[in-house]
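My questions all concern the structure below.
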Amino acid sequence: MAKKEYSFYPGCSSQKKASADNYLRSTYSMCDALDIKLNEIDDWNCCGASIGYAGGGEVPRIALSARNVALSAQQNPDQDLVATCAACWLSTREAQERIEENDKVREGVNAALDEIGLKIEGEQPKARHMVEALIEDIGFDELASGVQKPLEGIKIAGYVGCQTNRPFGIAGESFENPKYLDHMIESMGAQAVDRYDKKVACCSGALMFSEPEKGHALVKDIIEAAYDGGADMIVTPCPLCQMNVESYQKEINKTFKTKFEMPVVYYSQLISVAYGKSAKESALDGQIIPVKQLEDVTNK
Amino acid sequence: MSEAIATNQTILVVGGGISGLTAALEAAECGKQVVLLEKSPSVGGRVGQLYKYFPKLCIPTCGLEIQYRRLKANRNIRLISMAEVTDIKGEEGNYNISVKVAPRYVNENCTACGECGDAVEAEFDDEHNFGLGKRKGAYLTSRMAYPQRYVLDPRIIGTDDAQKAKDACKYNAVDLEMQEQDMELNVGSVIWATGWKPYDAAKIQPYGYDRFDNVITNVEMERMMDPFGPTGGRIQRPSDGKEPKNIAFIQCAGSRDHNHLKHCSRICCMASLKQTTYVREQFGDEAKSTIYYIDIRAIDRIDDFYQKVKEDENVSFVKSKVANIVDNKDSGNLILNGVDTEGYNRYANEHDLVVLAIGMESNVPAGVFPEGTAINEHNFIDFDPANGGIFGAGCSSDALDVNRATQNATAAALRAIQVVNRVAGQEG
Amino acid sequence: MSNLNQAMIEKYRSSFLNEVEANVEEGHWVKMCMQCGVCSGSCPLGPHWEHPPQELFMMIRANEREAVLKSDSMWMCTSCYNCIARCPRGLPITHIMHGLATYAKRLNLVPKKQPTAEFGQMFWDSLSKNGRVNELKIGVGLYFKDGFAQGVKNAMAGRELGMAMMKTQRMNAMEYFGGHKCKDTSGIQKMLKKAQEFEDQQITRFDGKEG
Amino acid sequence: MSENKTGAYICQGCGLGERLDTSQLVTIATRDGKANVAKEHEFLCSAEGVKMIQDDIDNEGVNKVVIAACSRRAKTDAFRFDDVAMSRANLREGVIWVRPDTDEARETTQEMADDYVRMACAEVKHMKLPESSGEQSLNRHLMVVGGGISGLTSAIEAAKAGYKVDLVEKSGELGGQVGKLYKSVPRKNGLQGYVDSEIGELIEAVNANDNITIHLNTTVAGTEGAPGRFKAELATESGSTSSIEIGAIVQATGFRRYDINQLDNLGGGKSPDVVDQMGFEELAKAANGGTIKRPSDGKEVSNVVFVQCAGQRSNEPGHLNYCSGHCCTTSIKQAMYVRDAGGDATVLFDDLRTPGATGEDFYRAGQEKGVAFSKGKCTSVDTSGDLKVNFKDLILDEDATANADMVVLATGMVPASGPNPYLQLELDEAKNQEGQEEKVVKLEAELAKAPDSILNLSYRQGTDVPHLKNGFTDSHFICFPYETRRTGIYTAGPVRRPMDTSQAIEDATGATMKAIQACENAAQGRAAHPRSGDLSFPSFRKEGCTQCKRCTVECPFGAIDEDEKGYPQYNEARCRRCGTCMGACPVRVISFENYSVETVGQQLKNVDIPDEFDEKPRILVLACENDAYPALDMAGMNREEISPWARIIPVRCLGSVNTIWITDALNSGYDGVMLMGCQKGDNYQCHFVKGSEMAHYRMSKIDDTLKTLNLEKERVQTYEVSIADIQRIPKLINDMDKMIVDEIGMSPFKF
């Protein structure tokens, strides 16, 4: 497998001991197994996420992403800018689009960047989500070929969520029924839940913090549908989805009289485990709801 | 034919649907020489697949029968079926047309007696029924097929079935050695009338045509109504064959949508209004139809049909583009989610069957026309001086209903006649 | 900026649509809506919107300025992008909702105690201070946003989750006393300040027909 | 005639040889059918089979051919012989395919075949090859009435094809309503917004074209003749007249503006600032790109509300119950005028109707320009002070009021057709009858309101082209939009149906196509659609004619006039060859060369009628050749079983069925008679418009005949069927069979 190299933008949640610490760790483990080198952008900043509009206007928000883009181009020229967080990826892409299409925005953003000696000019680095890089640069077949410990007998609901899927999504996939996560699950030797109804439903995103009751109701449906499909666990490509779906299950159980205990993992953990990495390397200890079946695989 | 108009000037009509037939006949009945090409084994096109026309609720094959009779009687038209244009070169008054003719494997000896069809075993999805039913590997495209001649599916060539077909024919009509043929035609003018195809419903993901059995398209519904169609003339649910008495019609399925076809397909509103009468016809007072629409485009004089359907208390109208469909896994019913925008009422309505009023996609091909031919972003041929002697007709020119298609095709015939008359020196 | 609202009312007296077009992010799209309602039907929090997006668009056209800007509705947007994906006219509805929220906030018209507005502001404050978001501080801030007593209650309720996050190394109590941040925080602050200045100029300088 | 030589050719292919005794058929053709030549062939439509027939024609002098094989609808290419009369006995679809292949059925199946061979021989014996009537004349010259966009288009398109045109315009200038527009909705690429009208260039082109003669301030004072030989009297305003000879006519008289004063609740007539769309165009034209000034006080208009469907799509008295099709795009265009001049424009609509690609793009262009669209129903316009438009906002579900400098009402198109020609005829008839006073009053009132005649046709059936609905001219408006009921006269544009400019251009071009085709057909003596190419035409035996006028009244196409003595005067080129006149004639003096009372009457008489005790009934089925007969063919293809007692005869149209056939059939011992035609009424499907209706009317009176014969009325039935009734038609026949056998019994008239 040829070594691949990307400019890496982990994002606020994927920092050490931040909420997606397990994503960060498993991503590095996965990339190690796949012989991918991640060059973290030095001094990257928050993308503003989807909730940034409540505090900042259009130009300030876009300037945030523009700074990351400019740093990436400066530090890792000719490398694609790869993000693991859906919101980071989306904000960056949107910012790039807006800068390209709207002269006024570009003018404002460059004026702001000028304050710190940066500038957006020429061709911008291509912002990609990690799964995009895996699918397009490596491919399912090759991903499958490196599997050492197939995740046999495990049934997984591939929860794509919103922002990895819309409005950009993965090339060739539909918005309503994207299949790539299912393919990825199957590549690792596990079984994907067929017709997982809530595959692209919203987990309430950032509103989980401000409107928890509304958020819990949405998450309840997402977990319920996974149980309906016979899933042993849910896998997701988004840190906010992971957090929202995994961590509120106790509260949801209280409110809705359910008995959920559905593990929610990252695709990077699946790959890491299937490629023979240890439970620790795969950050399985970062799960609030233990994911015993994956642990069992690591113990094989 | 009168001596003043040259008869050695030929008009090429591409497409044997209602528009192509009309254009060819009008020109030929004016004494012009016409070559009519049809891609499929028989003429008739889309209208041959319809159960009834709006707004008169009359039978489309009735008009086709007249066109066929005119065609049979007219010696100015040379019909070539299974023929496709691959290239057009030249200019007004002098076009070189490259044509590919696919093998039918059945020659003109065929009497349409049906022995070969009985002998062959292999079955394939029936195109005439949009794959809802099966047909044999040796078949007549429909009871109205013209030319009334069988055709062998190329997939049976080289199999035992092909030989069986040949052996069954007493008239030496089955010719397994037939090959694809290339043909060059020199013509003065071209009328392009290749019509439309239903937009690929599976692409409209929120409606789950590829996921839910009981989401069908309106063209499939037309086939269901055919007493000899795949369901024997019964509206029924694909999932379980039950009678769907509570049917949802979703308008603009693939039309007026920048994700799909940007244009309005014009016919779908009237088609759904018409189909509510089918539901009535089959289920009487138990029939319930709901039309989810953005604007009801029952344009011009035929608005009275809309008024009439509106009076039916079992037909309701919801101004709403349905957001998505989920299925009730137990019943096979479908739940339509959306917002009735008239006064903001959120709904989750359950229906037995969903009919997508599917958009009309132009069949105008790429890479065939001379450079500079004015084909617009919707893939229709504009009426434009840049097109020289090439004229779009019917649904190659815009999304049209049958009336406007025949009207437009009649106009195209005159435009083509002007070209060949000019060539012949009879100018205005 | 409190009189910005009054200034805008006067400037766009006749047409709120023009005002939105000029001042709201992606606001020029509002006129393109054809009232099909697919956005409203597609929203995951749809039932919680007093006025769903397509209705907001209609209200904008109907000059119902106050009702729109003071509405709680656009604050219900979860940024799921369903509406954008499905809109047959290609309206960037998510962004327009964000834009309306931003604009309402600048004009000081957001309903008091709107939780998402408050949360979003905390988020922004956090990131603009440090360049990166301090999850713990925002979390704690959120608990106490409605006062100390409510905060303690909230914190008790969330204690179990907090413990779990700590245990799985996904939260660090030390964050509260510093935590993740960029190196060049002053640069980022300068950049944001400049960006904000630029944006403010747009509103006061241009009448929307420009650019 | 001694030269007549009949050849009967019996096919053994497609199972006919196995299922039928074809040698017996040969015998029958010779013995009963009196064929001079009768041959069998194992594969008649093969090259050899056809050659066998052609040889007999060429060498043996056979000039009447009987093909006893498949349906007349099949193998038409093979069985196409020039200069011979031909009849087809349908043994395949009509006999073996509708009968079970069983020993029990064999005898009755053979009897069917025997009869069909007898019938075909009898038919062909009485057929003549249609010959030219001598009426033909080639006149490549059109008259186009109306100088608006439709008429101008028609004129220029005809001229471009090499035809001469007389363009007649009532007013002093060309251009019509479109000429009054400031700008146009584009015919393509709707996203570009409104465009300059093409009408100026079109007028120039028409003016410059040598093939076109323009008559301004002129009306048509009289029109007589037929396609190929029309004569029109043109009268100018100054009183001078001239006469022109033309081959065909295009009537493109457009529309009239709906009277806005009828909409006083919407401010119509109550404020000069409430105008219709044409009124707004005039203001826009005057402003010429500047700000429009309102009529009341000249104030620059900065806020305009457009009210769609004003007085349209409504069943209220005085309103138009249709949609005029163009008004949505027209209002969008006019709202763009306002936006481009810096004003605000709101369109209040119910359903926004901008169909097709160009239409939808134009809607988007309007939105791009910032035109505000509101789904709302306008309830009233307050004209007491500043204009206020009160409406129900259907989206926000609230009553709302919009202030406006001006209000534009999108009122509809009223077709500028001539008077309904049948009103006067109806009135004349009512006057001649007792007890019709009320009707007379009503008709007179209606006639008083009728517009002036446009064509002043000298036709027996009135002065103008008949109407279909709401004053729009008649046409078979789905498959065959140009079939008016006056052959050679084609209507185009909004007189035919409401339409926009784009469509009017297409329509006028199409109508012109049909008009030049009518000229060419007339020159050849050929029928127009639907019996295109038919050379036969009706003639009558004068000595037998009683001048009863049934033929002149019943002809659906007004083809027959009366001479001064009251004899019918056929106008071959106007005739569509349906035979309704023949069906109407009580003394049976009307016939076509190849279709006559005899050709059908002899068929039914040559059916072998078994005597009463054989218990083999005979049912005569007269089936419309366009719908019922093809349906029967397809029933055969589907192997639907049909009673062996049925004998089916295709007829051109049910309108051509003469009651003598029914009487003859009953008298010769048929047990039942069935007539199968197309749907009649408002949604008629009869391709001869009135044929089926006339037949039903005539058959409603057959009961008297049955009574005199002392027969049950159930023995004669008339049905409306369609080409899709592939199962229903066999069932109807089989039900008749069952009824005869189980209920009413055999006819007493058997010998």
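Going in written order, the chains are labelled A, B, C and D, and every chain counts its residues from 1.
In this section, a residue touches a chain if its C-beta (ideal position, glycine included) is under 8 Å from a C-beta of that chain, and two chains touch if they have at least 3 such contacts.
Predicted, not measured: the structure shown is a model, and the values here were computed from it.
> Among all other chains, pick the one whose mean CA position is farthest from the mean CA position of subunit A.
Result for the farthest chain: D.
> Would you mind checking which chain's mean C-alpha position lies nearest the centre of all protein C-alpha atoms?
B
> Across the interfaces A-B and A-C, which one involves more C-beta pairs in contact?
Between A-B and A-C, the larger count of C-beta pairs in contact belongs to A-C.
> In angstrom, rounded to a whole number, how far apart do the mean CA points of subunit A and subunit D lie?
66
> Where the centres are mean C-alpha positions, what is the separation of subunit A from subunit B, in Å?
45
> Could you state the distance in Å from the CA-based centre of subunit A to that of subunit C?
The answer is 23 Å.
> Taking the mean of the CA coordinates per chain, how far is subunit B from subunit C in Å?
Roughly 49 Å separates the two chain centres.
> If I count partner chains per residue in subunit D, which residues reach a count of at least 2?
Correct list: 352, 375, 395-396.
> For subunit A, jot down the residues that touch at least 2 other chains.
Where subunit A meets two or more other chains at a single residue, that happens at 175.
> So which bits of subunit B are touching at least two other chains?
Counting only residues that touch two or more other chains, subunit B contributes 206, 256, 295, 319, 324, 341, 344.
> Taking the top-of-page definition of touch, could you list the pairs of chains it picks out?
Per the contact definition above, the touching pairs are A-B, A-C, B-C, B-D, C-D.
> With touch defined as at the start, can you tell me which subunit C residues reach subunit A in the complex?
Residues of subunit C touching subunit A: 25, 44-45, 48, 76, 78-82, 84-86, 94, 98-99, 101-102, 105-106, 115-121, 123-125, 127-128, 131-133, 135, 138-139, 142, 157, 160-161, 164-165, 168-172, 175, 180, 182-184, 187-188, 190-196, 198-199, 202, 211.
> Using the touch rule from the top, collect the residues of subunit A that touch subunit B in their complex.
On the subunit A side, the touching residues are 174-177, 195, 197.
> What residues of subunit C sit close enough to touch subunit D in their complex?
14-15, 17-18, 21, 31-32, 34-35, 54-55, 58-59, 61-62, 64, 89
> Looking at the complex, which residues from subunit D come into contact with subunit C?
303, 344, 352, 363-364, 367-368, 370-375, 393, 395-396, 400
> Which residues of subunit A touch subunit C once you look at their complex with the stated criterion?
Per the stated touch rule, the residues are 12-13, 15, 17-22, 43-46, 48-60, 62-64, 67, 103-104, 107-109, 111-116, 162-163, 165-167, 175, 201-202, 204-207, 209-211, 214, 218, 247-248, 250-251, 285-288.
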